[in-house]
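Presented below are the structures under discussion, each in the form of structure tokens.
The two complexes that follow have subunit A in common; it is paired with subunit B in the first and with subunit C in the second.
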Partner chain A sequence: MKALEIKDLSYHKNLKTILERVNLTLEAGKIVALVGANGAGKTSLMRVIAGLAKQYKGGVEVCGEADEDRRKQYIAMTDSLSAFRDSRKIKDVADFYRLVYPDFDDKQFADILEFMNLNEDERLGSLSKGMKEKLIIALVFSRKAKLYLLDEPFSGVDAMSRKKIIKSMLLWKPEEATLVISDHVLDEIAPVIDEVVLIKKHSVLEQRSAEEIRAEHESIEEWYEGFYEGEE
Partner chain B sequence: MKFKDNLPIYLQIEDYIYLQIAQGKLQAGEKLPSVRALALELTVNANTVQRALREMTAKGYIFTKRGEGNFVTTDEGHLEEMKSKLLKQELAAFVSRMEKLGVERESLTGLLASYLDDTREE
Partner chain C sequence: MIGFKQTFAAMFKEKSRTTWLSLGIEAVFILLVSLYFDIRYGFGSDSAGVGIGISAMVIFCMCIWYQIDVIMAAYRINRSQTWRQVPVTAGNFLTANVLTGLVTAVIFALANLLIFVIVLLPFIFGGEMRIDSQAVATFQPYVSSIISWGLYMALFALVSFISGICFWLLITESASVLGDFLPLKGRTSKFAKAVILLALLALLSWGSSSILGAVIRMVSNFGFDFNFVIDNTGLHTSHTDLGLPVISWLYMLAQIVYVAVLWAAEYFVFKKGVEAKK
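Take a look at the complex of A and B:
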């Protein structure tokens, strides 16, 4: 069963090439790291998959569904929460989610908040970067999706919070759902991923099984850095 | 538990379970934690735990009861085998470290015997 199938995807914005001839297939149930330098196109790729960026060419199917509006029901993507004012409480954000997403599960949200040591009465403005990221993860996993897209969930997050976020992924990802995590470093997520997809030069340069890389006695980080040697 | 990053994790999970069994933390015939519980405990992917358990099942070290979960074998021969696998790995690591220090394989037993002699408790 395929969670995602992208065929010959190209995406241009203001005459600039963002993505070029991307082909990518992800199986259901996998945890996948989407890596690449800043500006390589990771976020754009996620936005195209999620149906947020529309002016693209090529095919994108999520769980066999190509129609943008209909494939949205299968996808939960992290939201930076930048549309919410600092004075808003966590529970206000949850109210919004409940309204917009019919698959939002209150019980699950309460459970994840508790796991993350967050209180629904806290205001967004009082949250540290790590706490805010935990909230974003709690919101995304409170939805019952087939494909979860986490856009750089670890940037600016301290080590303890990163561990907590990784554990929450293992706890709350539905078994048959696919999880895509974008990042430009791979340190802590390496042991939890099935596959790594490398974006370079506006396209998918490599897609490898994590265990396969390690079987060649190479760490995933070494493998990844190998693609950027001599470019510093 | 910290995993080596340049060795397949499913192999390291197998070793981890062998160790639990060798140390008596998991007894012969005892039920293993669920795949999800192991994945959380070790902070690894559930698919990787699944693979480790599949490999161990194929070797006869654990067995599955339908609807109940995975259990440690009660077969003495297999239990012995797991332990000797771990011992062999420890010895291989020891020998390779000694070789890096310039110790010849031939002088290892002598060195070890005199060390054990020196540190013997009365």
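Take a look at the complex of A and C:
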């Protein structure tokens, strides 16, 4: 079953091309790394899929649903939580998620929060960048979604926690759900991924299975770095 | 997918925090000011009225500020990535956003009325309360007419408030959508946004002012003129009243149609063009 199908997607803003003729199909249950340099269009692609960016051309279907509003029910995407003031507690944010997402699982949230060493009485303003990112990951995986979109989720998380979280994500994610992790650093997510999608020059340059890459190259990072050799 | 009720409940929960916080701060400030003037000058003196004047000014300013805040909150929610990820249809989202703004504004206005009544109580009862029998006798026949006018004006204010939210959402969002997607860059894009904003403001203001102007003319010409006069001797009334004319309901209808047009235009802009901010 297809979790995501994108056909001829183009997205321009003012005079700038952000995505051009993107075609991409992801099967259900896969863990996919969405890689590319800064500004390649990874975040914009996720925003288009999630219905947050508008005025694009082409087709986007999530679990067979093309309607922008309706496909949101299948997606859990990382969010900066900018709608909440620093004075709000973690439990307030959880209350909001509980109210607006019917697939929010309280037990899962409590478990992940404990795993992340976070207390639900802590205020958002007292959290460090890394702790806030852990909370965002906890909120995303507390939902039983079909498609998880994680946009550079580990940039502020310390190396030890990052490894633990990456391993645990496999347990938190429902088996049939697809997980897309966008990052420009591959080394830590490489061991768990099934597929790699490389975005370059505003389009999908390569989509390959991780197993194939591992068989042909020393590592996924080596394969990825090969696309940027000779570039500044 | 969630429905209108859940979306409304979630938005109301978030927005009402500001309402209660603002009301709490305002109420404490107003009561302290009134108490100060009441204790210093006595409840029955003319100088005690200074406290009421200050309270009325504070309430007026707070109501204006709150109206602006309601519109800003609606705009922030429409542009918020957190909110825009919520699985709800655009129509339900927008309606819930506008109506929660209205409901919190009504709560704010009613609470302010209550605060003002509380502030007035010692002043009224501290002075010699006199409503002469002749005033009461002439007041009686007009009670039902006053109720009709009161209901009409309250209803018109509610519809106008909705039109105000839709109006500002439409012009600010249209300007940013057109500015974002026009083939322009940098300063030219900002300039284009400003021009579009001004053009829309002029065009839609014309629509609002035509209806509101007509209603104001109707009110002043057809004769709702009922005054309460409060001084240190108590409450007095004066009035001339000619009842609620049929045309007033036509103006109400015009305002409702205007709101519907604004809402539909805003829905189109929101659904097709308004992006969530990163």
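One rule holds for everything that comes next: the second predicted complex is superposed on the first by the 231 of 232 C-alpha atoms of A that agree within 3 Å, B and C clash if a C-alpha of one lies under 4 Å from a C-alpha of the other, contacts with A are read in each partner's own complex, and residues count from 1 in each chain.
By definition in this document, a residue touches a chain if its C-beta (ideal position, glycine included) is under 8 Å from a C-beta of that chain, and two chains touch if they have at least 3 such contacts.
No experiment lies behind these values; they were computed from the predicted model shown.
Bringing the complexes onto one copy of subunit A puts subunit B beside subunit C with no clash.
In the superposition on chain A, contact is made by A:Glu175 with subunit B only, not with subunit C.
When both complexes are overlaid on chain A, the residue A:Asn119 reaches neither subunit B nor subunit C. Rounded to the nearest 10, the superposed model shows the Cα centres of subunit B and subunit C diverging by 160 degrees about the centre of subunit A.
Look at A:Thr25: by the touch rule set out above, it reaches neither subunit B nor subunit C. Counted by residues of subunit A touched, the larger count belongs to C, out of subunit B and subunit C. Of the two partner chains, subunit C is the only one that A:Phe84 touches; subunit B does not reach it.
By the document's definition of touching, of the two partners only subunit B reaches A:Lys163; subunit C does not. Applying the stated contact rule after C-alpha superposition, one finds that A:Leu15 touches subunit C and leaves subunit B untouched. Of the two partner chains placed by the overlay, only subunit C lies in contact with A:Ile75; subunit B stays clear of it.
Once both structures are fitted on chain A, no C-alpha atom of subunit B lies closer than 28 Å to one of subunit C. Note: no residue of subunit A belongs to the subunit B contact set and to the subunit C contact set alike, using the contact criterion stated above.
Residues 3, 5-10, 36, 39-40, 43-48, 51 of subunit B are the ones touching subunit A in the complex. Within the complex formed with subunit C, the subunit A residues making contact are 12-16, 43, 47, 50-55, 69-70, 72-73, 75, 77, 79-84, 95-96, 99-102.
The touching residues of subunit C, when paired with subunit A in their complex, are 1-2, 6-7, 9-10, 13-14, 76-77, 80-90, 177, 180-185, 189, 272-278. Subunit A contributes residues 29-31, 163, 166-167, 170-171, 175, 190-194, 210-211, 214-215, 217-222 to its touches with subunit B in the complex.
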